[in-house]
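Chain lettering (A, B, C and D) follows the sequence in which the chains are written, and residue indices restart at 1 in each chain.
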Amino acid sequence: MTDTNDDVDLVLRTMARTIVDNAEEFAQLDAVAGDGDFGFSLRNGFEVVEADLDSFDHTSVGALLKKVGFVIAGKVGGVSGPIWGTAFMRAAAAAGERTRLTGPELIEVLRASITGISQRGQAELGDKTLLDALVPAVDSLEASIAEGFDDGGVAAVQKAADVAVAAAEATLGMLAKRGRAAYTGERSRASVDAGATAIGVILQDISAAWRDSRQGAGQ
Amino acid sequence: MKKFVNDPRQFVPEMLTGIQLASGGALDYDPRYNLIYRADAPNDNKVSIIQGSGSGHEPAHTMIVGKGMLDGACPGDVFAGPPVEFVYETSKLLYSPKGILHLVNNYTGDRTAWEMAKEMCEADGMKVGALLVDDDVAVKDSTWTVGRRGVAGNFFVIKATGAASENGAELEELVRIGEKVIASVRSMGIALTSCTPPERGTPLFEIGDDEMEVGIGIHGEPGRERVKLASADEIVDILLDAVVGDLPYSSGDEVALMINGLGGTPISEQYLLYGIAHRKLADQGISVFRSYVGEYCTSLDMAGASLTLLKVDNELKELLLAPAEVSNRIF
Amino acid sequence: MKKFVNDPRQFVPEMLTGIQLASGGALDYDPRYNLIYRADAPNDNKVSIIQGSGSGHEPAHTMIVGKGMLDGACPGDVFAGPPVEFVYETSKLLYSPKGILHLVNNYTGDRTAWEMAKEMCEADGMKVGALLVDDDVAVKDSTWTVGRRGVAGNFFVIKATGAASENGAELEELVRIGEKVIASVRSMGIALTSCTPPERGTPLFEIGDDEMEVGIGIHGEPGRERVKLASADEIVDILLDAVVGDLPYSSGDEVALMINGLGGTPISEQYLLYGIAHRKLADQGISVFRSYVGEYCTSLDMAGASLTLLKVDNELKELLLAPAEVSNRIF
Amino acid sequence: MTDTNDDVDLVLRTMARTIVDNAEEFAQLDAVAGDGDFGFSLRNGFEVVEADLDSFDHTSVGALLKKVGFVIAGKVGGVSGPIWGTAFMRAAAAAGERTRLTGPELIEVLRASITGISQRGQAELGDKTLLDALVPAVDSLEASIAEGFDDGGVAAVQKAADVAVAAAEATLGMLAKRGRAAYTGERSRASVDAGATAIGVILQDISAAWRDSRQGAGQ
């Protein structure tokens, strides 16, 4: 297993690239029942993350994630700034000064993010937000870790990503209870949630990068 | 996209530069936080009042910074509330020893950013008051919903607290006045067309030539329902029914009546709506203390209008009539 | 047609009713002549100033009737100058012993109606002054043409003569001041879209998504040329080249700079244009004495903007800064 | 020959109806290079003429035309109010207290109108205005009257109407020197003049009504 810090760096880099590349698409998803800014807002933060990542403090997982959280809170507007910023800051606090995380520790960090999002947005599972993709994906990862694996987690990450995509698709038909889509009431059922869909797309890209890194390591 | 724009990502900074230059030195601009603020702020003798929602609602809020109104506004990008950092840094820059008042529109994005920033300010020992504006009756208000949106009624919260603050009122007093306005103000809007964010370049939704959106938000998010385009008379009926019935306003009440253009509707149509609404209110025994017709809180280039009622008492009347100066002026 | 309207033929009267009702008693309305006038006019101690072009240019001119501005406005239908009768009757109703000033925009329709009415008034023994506003540099001015159009620069003629009249100036003095403004003011406009008269119900011309009309009039009549849509920077260059080069304005001049929205362009874009124009003028050594950003003279719901420069001296500066009150206000 | 006054009444009635019926079409013609109000403006006056014609003073041609001129000047905005108002008032002055006009007298009255329009609008033949249809039509009528006729003028009026239509069509390609179309310079060549076209349409309807009245009289 590589250093967790390197993995976090890889994940952040992948995520940032995916968000920058998909800014318009994510914004378009938000336009259907929302206000069409989601992808642009996220990009405003993650393009800075991507550009400056090398200069961020990499001495610990917590230090790195905290810096990312600050950039997001500083640059991203709308609900996504506080939500994603809080997610990274809570993850940072949970990870602390460690440079390596065990599987269960990783899940703990992800759960801290989820709790942060939930508290910050006063949103629960089923409210039709990004939580509806993120929570099942983390559940899936937790189960895979409990079962154990010998491929460096390649299959487990892919499975989590697939779960996220399916869960995001399943937001179609759900009634939005949080976010701007909630203003449209029953009309919100007609579209998928933008945040949940973005989580699926991001996890798929992370999974591909993870596979490459593990295969690269294996050669 | 039919807009006057250079690089769409520079839309907000270039607009803010224009506001500063047009102010003749009355306003300053800090590009780090999209911040437009009074050149003479902070003023030790008055509570500072700041706001910042998404951009795209101009003149709200950057164009109504000035004497008797806001001390500063730090909007986010188009339709995105400001990042926490903008609010926190603005609060520090404009902090007065008498305290600072945060005027927040009730959107999750705005609220979370302003709440986080308030906590940060308070951790620094600052005295911060906050008001949550939520005048849009199109949205169901209950504990399990996100609550009403803040729309054009916001103007009256700024006007009243701004005037009181100019008179030297303390922070607690401003919160009391603001809460009174919020408790007395209700709005609803109707859109005839969608709107086009500069960076997106296409309208946020499609709408038929014979349709309108009732209970529209100010961010291009769809409204309560889509119905057949109606006459001005019928539209005013829809708006008045929803707004009057909500507080409710009743016979004998005195109100401020605002017809707010959403950006693409000409002032001629706004006055036409105003005349109809004024008469229909008179028919219900509700008399207009003062009229407000024009663009107060827009949704970019959306054709549409909203109607706002504010029930006034002597205190509010005086605050509404107090002088004020903003960059967005006629003379 | 996406408009707030009842019977399109009642568009103008219903709008005027709204203006009157919104005025809180400051204005009266005489439906016989589409006349909006100050409730305290005529005033024996001041020359009365009246105007009336087509409707559809609001706030010009019915919404800028008030203290320090017009005493009355009697527009015709949408995009049609007033019938002679409106002008003659308005002149009689608002006649002051100090005389009456006719502010006329240079369109054949307006000019002929106002000239005929002036003759009729003079035959009745009235003392009438007249000013012909023709600030639009998009139109070639020569003896064999119909001459320049009067567009947004008209605001400054009203503001200056209105202020002077409020100070008690005599008719001849007002004519002198007005002529000075007219000699010092130039405008040009660009349209991104067409406009839709309520009775017609469809846009007056078709225009491609990637096109704009340079040198547009304010009645949906086509402009000087149609070109590819350009960036805000390039558009300001086009406007400034035409306007600055015309008077010409030159280094060391002090000017009032107006960015006027044509009705469908949001205020955010207007300020963006303002900022660019202000900086480009500074680069040429022309300094802005005062800014005017907003809708002053529109073309219904047309997306577009015009740029106006007024070269100011001390006399004009003072008149521009004098207080004024119109129904179309913010507070 | 019927009483001229009756003929004037017939012409006015026909004209008013044509204008009311064609308001949108005439406005549309004006929209191409102008501001699209022409038909609506004219209608505002002629619908009053039509409604109130019976109540107008019919004691002389001059009295009747004068009243029409006042209504037009009172109700019609834009350039058309002064132009058409002046045309009727000058015609009224030329016709005076007569109740019958000879052919040459009629031409004199029409010439007075034309002079009035030309002075009021500072427009000449060839400037691409309604004069470019009206003048050739009156020329044609004058020639027909000089030649003489025995059909009550049915053919002469029809010929004048045809001349007007052809002349109106010939405004296509002309450079507008007066009116709003002049602002567009060379671009004005691309369309016909609205006023001239309206004159053609009105004269065709007058010709039809004239024929009916003469045939009715002949039966």
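Here is the rule we use: contacts are C-beta pairs under 8 Å (C-beta built on N, C-alpha and C of every residue); 3 or more make two chains touch, one makes a residue touch a chain.
If you're wondering where the values come from, they're calculated on a predicted model, not measured in any experiment.
Enquirer: Can you check how far apart chain A and chain D are, centre to centre, with Cα atoms defining each centre and the answer in Å?
Expert: The separation of the two C-alpha centroids amounts to 76 Å.
Enquirer: Mind checking the centre-to-centre distance between chain B and chain C? Centres are C-alpha means, answer in whole Å.
Expert: 29
Enquirer: Rounded to a whole Å, what is the gap between the Cα centroids of chain B and chain D?
Expert: Computed value for the inter-centroid distance: 55 Å.
Enquirer: For chain C and chain D, what's the span in angstrom between their mean Cα positions?
Expert: That gives a centre separation of 33 Å.
Enquirer: What residues in chain D touch two or more of the other chains?
Expert: Expected reply: no residues.
Enquirer: For chain B, jot down the residues that touch at least 2 other chains.
Expert: Residue numbers touching two or more other chains: none in chain B.
Enquirer: What pattern do the touching chains form: line, ring, star, complete or other?
Expert: line
Enquirer: Going by the touch definition at the top, which pairs of chains touch each other?
Expert: All chain pairs meeting the touch criterion are A-B, B-C, C-D.
Enquirer: How about chain C: which of its residues touch chain D in the complex?
Expert: Going by the criterion above, the answer is residues 54, 76-86, 107-109, 112-113, 116, 138-140, 144-146, 149, 197, 199-200, 204-205, 217, 219-224.
Enquirer: Flag every residue of chain A that touches chain B in the complex, lowest number first.
Expert: 24, 27-28, 31, 33-37, 40-41, 44, 73-83, 85, 120-122, 177-185, 187
Enquirer: Along chain B, where are the residues that touch chain C in the complex?
Expert: These residues of chain B touch chain C: 2-6, 11, 14-15, 17-24, 55-56, 58-59, 63-64, 159, 192-193, 209, 229, 231-233, 235, 263-276, 278-279, 288, 290-291, 293-295, 298, 300-301, 303, 305, 320, 323-324, 326-331.
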